[in-house]
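Structures for review follow.
Two complexes follow with subunit A in common, the first pairing it with subunit B and the second with subunit C.
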Partner chain A sequence: MSKAWHPIGQLTDIPKRGSRCVATPFGRIAVFRTAEDHVFATEDRCPHKGGPLSQGIVHDASVTCPLHNAVISLETGEMQGPDEGRVRTYAIRLDPLTGAIDLSLAEAAADMTQAAE
Partner chain B sequence: MSALAADIPTATFVEVTEVWVPKDGRLVWSSGNYGALDDFAAASEKQSFAKGEGLPGKAWEEARPVVLKGFDGSYFLRAEAARKAGLTSAVAMPIFAGSDLKAVVVVLCADDAVRTGAIEVWHEEAGVLMLDDGYYGAARHFEWVSQHTHFPRGQGLPGGVWAANAPMLMRDLGSGYRFIRADSAGKAGLTTGLGLPIAVPGGKTFVLTLLSARGTPIAHRFELWKTRSAGPDGAKEAVLTDGICQRQGPLWDDETETTVAAWQGPIGQVLGSGIPLVKFDSAAQTAGYASMVAVPIYRDGAVAHIVAWYY
Partner chain C sequence: MQKLVVIGAGMASGRVLENLFETDPQAYEVTLFNAEPRGNYNRIMLSPVLSGEKSFDEIVTHNEGWYAGYKVACRFGEKVVSIDRARKVVVGENGEAPYDKLIIATGSVPFIVPVEGRDLEGVITYRDLDDTNVMIEASATQGAKAVVIGGGLLGLEAAAGLRLRGMEVTVLHLSGHLMDRQLDEAAGYLLKRDLEKRGIAVMTKASTQKILGTERVEGVELADGTVLPADLVVMAVGIRPSAEIAKAAGLAVNRAIVVDAQLRTSDPDIYAVGECTEFNGMLFGLVAPLYDQAKVLAKVLMGEADSFAVKELSTKLKVTGCDLFSAGDFAAGEGREEIVLRDPSHGVYRRLVIENDRLVGAVMYGDTGDANWFFDLIRDGSSVAAMRDTLIFGQSYQGGSPLDPMAAVAALPDDAEICGCNGVCKSKITGTITAKGLTSLDEVRAHTKASSSCGTCTGLVEQLMALTLGASFNPQAVKPMCGCTDLGHADVRRLIVAKELKSIPEVMQELEWKTSCGCAKCRPALNYYLIADWPGEYRDDEQSRFINERVHANIQKDGTYSVVPRMWGGMTSASELRAIADVVDKFNIPSVKCTGGQRIDMLGVKKEDLPAVWADLNAAGMVSGAAYGKALRTVKTCVGTDWCRFGTQDSTGLGMRIEKFMWGSWTPAKVKMAVSGCPRNCAEATCKDVGVICTDAGYEIHFAGAAGLDIKGTEVLTQVRTEEEAIEMIVALVQLYREQGHYLERIYKWLRRVGMESIKAAVVEDAAKRRHYFDRFVKSQETAQRDPWADRATGGVASHEFKPMAEIGFKEAAE
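Moving on, here comes the complex of A and B:
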């Protein structure tokens, strides 16, 4: 399945080590910006008890959930430490020249189709 | 998970945990784990305390958790036995159901240059939680930070427990801003934080926190249970709502509920009796660990939660 990229804004729209949310048909997606200006997108729902990850703090390529401090890798979506669990991650790209950010929902859509079949 | 299990260190921050219960106007020994400290165990089991006497009696009389650092010349009755056992500090946590004292839980720690962790008592003053006192072992910088931090309702682990009036388990203490002291906690190696609301008569707010460090953990497994009524006869059961286990991974599967009925296993015993429990040397009941402590958390005179830690 080819990725359809959706423009969602500019890097500068997101605070450094922070995030912004995008509403999609697949639920709220949190778009994170790290201290090194890498961007990541995950569902905005902690695998533990559903805490809003977009309100967490970003450190390295991880986010700490604001509710009970679980640390989640933004690259893999996996919870760190003895807890096990993962959030869905989404493909995202940053144009280094213009700072434009595009998000792809292709994986989510593919999963949805699979689930429907 | 076997690699993790192999990593589990044996030194613990807390040396002794004991439960005292009121009987005929005095506090008498109910259960306890003294590790290898046989003489201190023998001295303790035959001890009893009047209201206001010794550390448990003080927690009863003052109706508040009490931290005691240094026993010599203090009101601590077993000072000589404690000194011989190398114990230097203690924290007493009274368990009240409304205005009735149900028990006092006492934990005792030994001091050295490496043992790190924290047991803290926070109290409400002028709308924020201030540190009453705490025992930190070698985590001196963290102690200093704690003494200079206060928590508005809802903020940090103590403020979160205050706002929810429920126990709370925090993961990686060193990594977030919700745990306001994260930077220093990370440097001290503190990993897991358990916060407990301590109900006392008169409605004052106290929060007790147990902060566990990687090298000298307070526990390897933590569980939070919530009580609810089960069936028309008013029977109660407890449902596991959250937990962390170094061997077993997550204990918070929302799809399959884990419940226990009153008097079923150690958690059920705490639910049925309303009295804290210390158990050891019965691996089946202590989730494969050597020892466990389970404490009822009262709200409006009834057990609302049970917290347990295993080590």
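Moving on, here comes the complex of A and C:
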């Protein structure tokens, strides 16, 4: 499956050091904006107990889960520190000129296809 | 017992007494005179007191208990009139004191520039606590201007402190560059540039002509005609040994009191120590040699043999952020070579002076990491020929691979000096740690004196502790806030106020945060501190708040929220209950429950529904109950005189008044209160953060209870007669807590940390202070009492929070 890009809005829709979520058929996806205006997208579920990462505090390129303070790298989706586990990350792109953000669901769709086969 | 009289309670004589009592507390019966109305304190730490980085209490070296413990007769605030050597008595203003041995430790007096206007009000020197307090007072006026005459160590520390306190500061220095006795021209220039970056104006080659003004100082006129306006003039041009009393008693005095290597004056029963002494034609101004003198004198007084000798001296400036170091003789000259390293973009400058293959002097600016190593080389006098090529790069570049700091400390020889102020070498520290089983920095300070004066060697001492104790040593006696900083909560709070830091990025920049934008531990803490310290000025940073405080509801395990409206004092009504029932039906809220604080909790609300839920509750007159916040939560009450046959006061009414007065305020951790109408205590006030027990006689104010992880009954703060007094007392108490508490530190833990005495002194015993805290709370409420629910339900605040950014449907996703 080719990588289809879905427009989801503008950079300014997300607060700096903050996040929003996007509803998709594969579940909620959390979209993050860092202090340096980098954007990341992950599944909105902490690997620990399923906490909504989109509600956490964003610092550098990490988010701290609101339920039990697990820290997750937005770049790799890996849990930081002694914890193990990872969340799925999604490809996301920011047009530096217009500020438009596109999200790809290819990672989730690929899994679905696999499961269906 | 022999009688020992000491004139002057300065750093040198204080150290003599310490050393003496350590050896034999029974040897002498001591009488201590001091012209200042207080005992010994660490005078060289006045600069951090001036800048607000330390409090006076922190620099007191000997308190009343110490003097009492050694039975020292303290005659503080009493001047000595004369010494009668024939009768062996010291004549004080209030009577005589006979002596067998006498120590003169009269120190020095600041040199006053003999210009017109030097007696005007507002012209001071920088010598003692009183001077420091005058400066702190002067800086309280907005936009006040200060002129500091003298760009030496003391003058610059004064200038930096005044600047930190918000004054406009100009430093006047007679010679061509700052600190000309310790620094060369290049380092002096870098220092000037750094000070100017901090907003301190520096004028070199500036000669003061006269000080202008009629009663109070108004300005300073320079020899070239320039006039600088000034509300405060600080003279810091040098000191003059204070030897008048010795001279009047007929002792040998040149520029100061002449002493031999045993600190004996020309009278064998009279000794002198400190800045008032002259030894081999030399005078003393820095603390290290004075401590050496003190050590020798204490031994001599015990009848042991010892001699004082002058060692090389080094200098450091105690201005946070200006790192400079100088030692030895760094004048250029015949037969001398120099090695110079400059890195202008980083403001780094190093200059070494070598004579006959030996290091004789060093000046460093910007990076003083190798200062101790160079200083050791200077004092050793050993040949540096073998490492001449890489010498300037410091210790880590000698012998191949760079050493880690621990290895560098491990490699130091046993006699390497670690603490310059107190002359403590490495083996003394490591030996004492092992012999006495020391485990904390404070203990090491107490037993060895290392790191107990200016504190610049603290890092080295900690490394030695780590080296000696291995893994069992926890270097942070102060627990850092989080991994982003080494500072503890107390330091951060104090520095936010002292440096007037008013935003999170400013705090992180100025306090050298190690991460670019903090973490989930420090950001909420900083956000709270800034809200509490700069009410109305600081703009709340929503992104630094925990989700509950950001969306004003409590997140639940499944990502839904719970909603608790305020019910003042736990009172509700049919119409409120009806509105709540309607909301529960309308939004399909799965659970409704009563809380421990007499409120109703609706659980399982979807985030998207929150604004609409709030709109309906607002419409029925209810506001946010702040059940999610580090804030005033609930005031629980019993029915009191309204209904109860035992009720003594209107406990429900008081509870509602307190809650209506205090709602909306943010606090370090949650604050739960209760008011019980009689000692039967149905509102359970004695396990709350703040509780009131009503009696016929009035109101008993309790605080610092806990009924969670810890269970603890409250302490009684005080008793008052009227509701007004009760409210003022409670509000002042909470405001004190708001200003002192560490983030997430409940009131009972705050009490444990700061002690009952300090709390009572601030809010119970002093009505003016209590009023001051009360007023500050009222001021902060001006901007705090807004219903966050209304702002979001109908006010359009933070609308992005409550709906997804986008929705991608099945069809689009499948494409």
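Annotations
FYI, the second predicted complex is superposed on the first by the 116 of 117 C-alpha atoms of A that agree within 3 Å, B and C clash if a C-alpha of one lies under 4 Å from a C-alpha of the other, contacts with A are read in each partner's own complex, and residues count from 1 in each chain.
Rule of thumb we're sticking to: a contact is a pair of C-beta atoms (placed from the backbone, for glycine too) under 8 Å apart; a residue touches a chain by one contact, two chains touch by 3 or more.
The structure displayed is predicted, hence computed values, not measured ones.
Shared-chain residue A:105: touches subunit C; no touch with subunit B.
When the two structures are aligned on the shared chain, A:16 is found in touch with subunit C, with no touch to subunit B. Touch criterion met: A:56 reaches subunit B and subunit C at once. Within the superposed three-chain model, A:88 lies out of touch with both subunit B and subunit C [touch as defined at top].
Looking at the shared chain after the overlay, A:31 reaches subunit C, while subunit B stays out of its contact range.
Taking subunit A as the reference, the larger set of touched residues comes from C, when subunit B and subunit C are compared. Contacts of A:48 after superposition on the shared chain: subunit B is touched, whereas subunit C is not. Residue contacts after overlaying the shared chain place A:80 against subunit B, while subunit C stays out of touching range. In the overlay built on the shared chain, the residue A:70 is in contact with subunit B alone; subunit C does not reach it.
According to the touch criterion, the shared surface of subunit A, contacted by subunit B in one complex and subunit C in the other, consists of residues 49, 56-57, 59, 62, 64, 66-67, 69, 71. On subunit C, the positions that touch subunit A within their shared complex are 515-520, 523-524, 542-548, 551, 555, 557-559, 800, 804-810, 812-815. Against subunit C, the residues of subunit A that register as touching in their complex are 4, 6-9, 13-18, 20-26, 28, 31, 34-36, 49-52, 55-60, 62, 64, 66-67, 69, 71, 103, 105, 109. Within the complex formed with subunit B, the subunit A residues making contact are 48-49, 56-57, 59, 62, 64-71, 80-85.
Across the complex, subunit A is touched by residues 4, 168-173, 175-179, 191, 193, 242, 244-246, 249-250, 252 of subunit B.
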